[in-house]
């Protein structure tokens, strides 16, 4: 390969990365000249729009592989589903950016400019790489590009002890997991001599080394997707981070990590369908019961996210039983449905917190729907979607998963799954009780932040949750 | 023959009920607005109420006449209004069918009913619920007519439960008194037990395999043998259970004495003359079916037992209405005895005469109570003979008829039943002796009633109670009924005339033939002998009763104390209510409490325990999130080690 | 000739020591150093394997890993400083504000 | 000779690492880590990767460790640092032992790895690969570093400094 | 025109709900707006009832549009249609909502906009449940109807409303989630989700058995039968009057409807296998529910337990598998909605005035509140199945039809007729009769026009159906006969072998 010429596919795959990186650099330059928040936001939005638009051609192509490696394989490989997830991640970042802006400005005395937008732009870049990575180098770098800005974003509200604590916890455990990932990759490579994504699935064939390597990689990825028992960081980090950042973690990181797990996870001969189902049930069980008694809505949503991972593992189980294509469409739909609801929920909580005094404690959110009808309504839709109530995307997402399970002959697991899901209804319903049915908490005299931008941003995932719930075809048929 | 106008007979009372109900609503509204009742309004209501029954009476006469104009075997008038319930093979219409049997009952119901309406106009005067009362009474007559005139078991059941409802409403008419409401409820519930039997009986007949609920169809199916004999027997027993409820037979008679809580005209109409005879009507109506089923002996024995048993209780009651109530139970027992020995027309005969004289007695009792300012205890009466002469005279006639004094209606009807019992197939002499014993007791308590009420010295404070004769609206019906009580015998005088039997022959002939065989067993000699015995017992008992209880109450009291052992059970109706309470109701209440506890602690307890367990698990799992990063890392390591081990064990070939 | 397996065992030991250190130490900077040990063990495996397979791929990976390690250290130490400023301590057992 | 050195350096690596893991003084631990990295670069040399050995010393010792030591000094972390309790340490050791045991068993029982006859990779191949096959990751490393720089900048800036931006400037 | 009718029926309340939520109007105008839509829906519902062709088999006024396709699975459609099984419930649902809305001002004083929104949304959901001709669409509506009630009870309910509403929803969800698995099993086995194909097709027997168990659990909890009933009294007691009316009137019938539609029509083999057990559960429900109703001291709880007993009859009727009992079950569903709905309204009338529901707090109301007394007595009579009222026709047909198949069970259930009278008349006795002991009973405000407007139509329906049920029976005849015929082959072991089976 001529080092200075790139193929069309290479450009296609590199385009969103270039858009994002360029926007990040431009923001940095602009800010260093003179901080102009409106312009910077415009540039960031432009970069993300450009990235998103540049990915649309990928939706129409069967499969796009770029940056081919001489020995076979490629650095990046995108499918329509992965492209859609990538677009979603960019959108999630944009959402997080625009909902966070005003709150951060108030907290950090207006110092949000430089770092903030650059970090927000780099996150989706890492997500896209993680999603599309077809080579261990791309995967590892993608995960790091995704994680490093997030560690910082989590700790962004430096005046807030919780935020800093969240940052350090996330960082330490993330680095620990990175160690596992690196060592795992190395062992897989030692076993197979291959760094491509195909190496992991067949690692066991090369003997114990590959097996252990695949296992260590699996562990690292399970940490990233927050599956039990590697989920313990989630609640603390989600709770402590600025809420829009939490939204980005929940929607974007989860999507990227789950997709990575699908491509980089061990094959069915290593983890059979029942293994995934067992892992899913365990995660569902732990996530749901952990969330059950939470007095803080953010923690509750964080742990419910764990439970959602459990349900996604059921789709993995169906895939292990042979339904590859269906599993991809199911997982894609599920991730977007969950992500939209999570964005809406956390975004709404951000607005609620600005009034309740900075936390999502249930005590402070009592009767919220009456004080802030828009926030209440958005949360209602989001919670119902997370719970999986019809007319929201959340329902069809669960429906598709269970269809795949039954189709794969995992009916008993499906029954266990639905019964475990029931627990999740208990806490979603209780959250609705808090928001709608209890008398409002005594109002704290907090000056309300008027934030039309965030409010408008909130409507997007909310509306999409319902639109995809009513019309799943465009997403599900990818 | 199609006769759509028959519907007028049943619908007019309903119309009257509706109009009176609306008038009642108007009065209530006026009262709410503070306007006093319009006294003139009562007359209007009475007129509407009475006409709503009197016109059907006239129409019933017309129907009777029409029937008479036909061939004996073709005597049938029908009227249909289309389907009521049609589902699958079940098809029941809104249809009436009048034949000789129910034409008689139509006459009795509307005739006696009209008289009682007239009587009520006076009796209920000044009651705040005057209009409501007439509305209920009209409704009752309508339901009773539906019962009698309907051509299907289901239509009959509509009336059957309908009259039960009206009975409920009227017994509890003075609802402010909780006991009266309880009595009403008891009546309804006991009847519902019977209705349960009725329903099951109907189901058994239809599915086993009569395939119809038409009354004539059922009879035909029974005689054609379409119905499996075992099923038929069971079905007939269940239906008879229904009859026991409605017609107050052992074991379901307990509601009737309590039903005396209602206004006295109601007792006369519903609980003596009409509703309680519905059971007799049903057995007679389905005569062939019952005859084929082979349960007639059961009916006879139950009837005879009831006749004797209730009479003993009647002997010791102090409440004038209670005496009459037990008397009614007893007399209904006679009718069932008659039916049980296949004497269908005799039973109907007794039904008719009983309607006359018992209505008369009740209305007379009502007049007495009216005169005594609503005192009903006979021990507080006495010497009323001269003070309310009309009442006394008419009641005397009724009492004589009840006691079976020769030549009065009750004498003939009762003795016909006794004779047929004695000449029947089932334990003839036992049944006869039971019946005769009952008759003797009847005469005795009738005499006692007369003695305590009308004879001797007044045992009440005359300064307080101003005894007065009732108004004409009340006495005229008494007089009419007195005449009927005397003349009723003309419907069937042995050896002389049997107009009723002849009239009923086309309907009950086949059933009688099946039940008793073609030929009559009894000889004329026997019949005459029994007539004489019956008459003698009647007169003797009456005289005994009159003399025995005419003395002064103090001596009476002493005598009663001496007979405590016999008297107490009698006065307390053999403690049957108490026994039911202990054997049936108390366990049922216990079961209820058990279920309630089970529901709360076991079923709901399990649900809440599941929720609690979930929450407890949640609390435990939540504690794992201790906030310590090192512990999270430890869990990470633990998970990693375990997962790798499983991987290794599962993955290494 | 160095047996590849021995190099791998050495790397595994190094990795295990890193894990032990991560679970045993409480100072945040010490934890960071233990993670560096773990990353280095991966490098050792990559290089040993690269030599065994005779492929250039295995040599590339340590290059990227080193960069990542540096980046992580930078971000981590920035966090450490922020943390120390805010809380005055680097003992991870002191940070249990978020829990339950 | 090579083999003997390999084992010697290996022992050095492990001894130094053990000192990192079990020391309670942060400065000592950091010094031992430097020692460990030196031994490791020696191993790389023995394996035939002098370039990587150089990188190891340059980046790790020259950059990362200096940074760490700098921060230790800055925050004045002299003296003994706390450790987890013995039970916790034992548990951690147990888990690490499982991971090690499995990896080591697998490594020793893997003839495929042993039999692979590769040999050292020339530096030119490495450089070629960096600008052809590995162009993307190579470029991405700059992004990683960019992210690190921005992160460090953001977190490191003093919170007390006056803000150039007001709420009304926001979009 | 015909194809648009049912989308209109579901769409009207939906549209109304959205308009109510966003319309910038005052409370009074909002109430009117909601009423307008409810009435329009009722008119359409009535039109559907009138135009329904009783003698025709299959679904009428069909509407279908493709919705989405599962990769490797069938096409899921937005399909609506009405047949004899659903037409009565559709009409009843459409009729009950205006009645709920007209009484609402009596007990709903806060958050009017939300209340109207949820009621209309619930109406859309309920109608959708009965009209959906696609499994997934059915399930969507099934759950959609659940959530509004959650809010209705939770926001406008009594003191213990949170407990009650969470219990109610979670309990129902246990069933519906399990049902979802059964539903998927059926859809995959049949390769289609359209109900109109499923009701004539034959699924493999093991699938039917499994799916039936799943479906039945969902429906039995919804009905509810003993022992899954304990959510009902809590929900009823805590629910606002309107919620109770809808809950009793329509929501519970979704269970019995489902049992027939899915249990009998889609899964006849499963129904045949499980039938005796379910019938027995129904009978137990009759007796147990009656005894418990008798034991209650709270008037609303009493009515709630009476629902358990009544629906026990319906379950018996469904699983007796005869044409007559099925017709009775369908009809009794409607009847229970009417008479229990009326009873709940009446309890609400009392509660609005006296703010108590304890039986012992009443007494002697016949004198002080005669209009109420009349209505209560009529509703009671309808509830205990007095001939001439609607309750009789339904109960009688159920017992009558069931007796042919299950005589013993029917005989036991018929005891429930007696027990029904025991507790209902006991309630009347304590509320209406006797002396006035509570001074609060003396001065009661007379019935308001809106209360009359709500109750009179119900009373009229009780008498109408009681005296002339033909219009209703005619519309359900064909479908019940077909249902009985469909399950017939599965009831007899020998014939089963001869049954044509499509290989799937």
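Note that the chains take the letters A, B, C, D and E in the order they are written out, and that residue 1 is the start of every chain.
Definition applied: a contact is a pair of C-beta atoms (placed from the backbone, for glycine too) under 8 Å apart; a residue touches a chain by one contact, two chains touch by 3 or more.
Predicted, not measured: the structure shown is a model, and the values here were computed from it.
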Study note, to complete from the structure: Between chain D and chain E, the fewest touch steps amount to 2
Check your understanding: Which neighbours do chain A and chain B have in common?
Key -> C, D, E
Review point. Which chain's centre, taken as the mean of its Cα atoms, is farthest from the centre of chain C?
Key: B
Review point. Could you name the chain whose CA centroid falls nearest to the centroid of all protein CA atoms?
Key: E
Check your understanding: Among the chains, which one keeps its Cα centre farthest from the Cα centre of chain E?
Key -> D
Point to revise | Interface ranked first by C-beta contact pairs | key: C-D
Point to revise | Separation of chain B from chain E, taking each centre as the mean of its C-alpha atoms, in whole Å | key: 37
Practice item. Please compute the C-alpha centroid of chain C, do the same for chain E, then give the distance between them in whole Å. Key: 64
Practice item. Averaging only over C-alpha atoms, locate the centres of chain C and chain D and give their separation in whole Å. Key: 5
Check your understanding: What whole-Å value do you get for the distance between chain B and chain C if each is reduced to the mean of its CA atoms?
Key -> 96
Point to revise | Multi-partner residues of chain E (each touching 2 or more other chains) | key: 170
Review point. Among the residues of chain D, which ones contact at least 2 other chains?
Key: 84, 88, 91-92, 95-96, 99, 102-103, 107, 110, 113, 116, 134, 137, 141, 144, 147-148, 151, 154-155, 159
Point to revise | Of all residues in chain C, the ones touching two or more other chains | key: 4, 8, 15, 18-19, 22-23, 26, 32, 43, 48-49, 52-53, 55, 57-58, 60, 64, 68, 71-72, 75, 78-80, 82, 85, 92-93, 95, 97-100
Practice item. Just spell out which pairs of chains touch, all of them. Key: A-B, A-C, A-D, A-E, B-C, B-D, B-E, C-D
Check your understanding: Which residues of chain B touch chain E in their complex?
Key -> 25, 28, 32, 82-90, 154, 157-158, 160-162, 165, 168, 172, 175-178, 181-182, 185, 188-189, 192-193, 195-196, 199-200, 202-204, 206-207, 591-593, 595-596, 599, 603-604, 607, 611
Review point. Residues of chain C touching chain A in their complex?
Key: 4, 8, 11, 15, 18-19, 22, 28, 31-32, 35, 38-39, 41-43, 45-46, 48-49, 52-53, 55, 57-58, 60-61, 64-65, 68, 71-72, 75-76, 78-80, 82-83, 85-87, 92, 95, 97-100
Point to revise | chain D contact footprint on chain B (complex, rising order) | key: 630, 634, 637-638, 640-641, 644-645, 648
Point to revise | List of chain A residues in touch with chain E within their complex | key: 323, 325-326, 329, 370, 384, 389-391, 395-396, 399-400, 402-403, 406-407, 411, 414-415, 418-419, 421-422, 425-426, 429-430, 432-433, 436-438, 471-473, 476-477
Review point. Within the complex, which stretch of chain B touches chain C?
Key: 622-623, 625-630, 633-634, 637
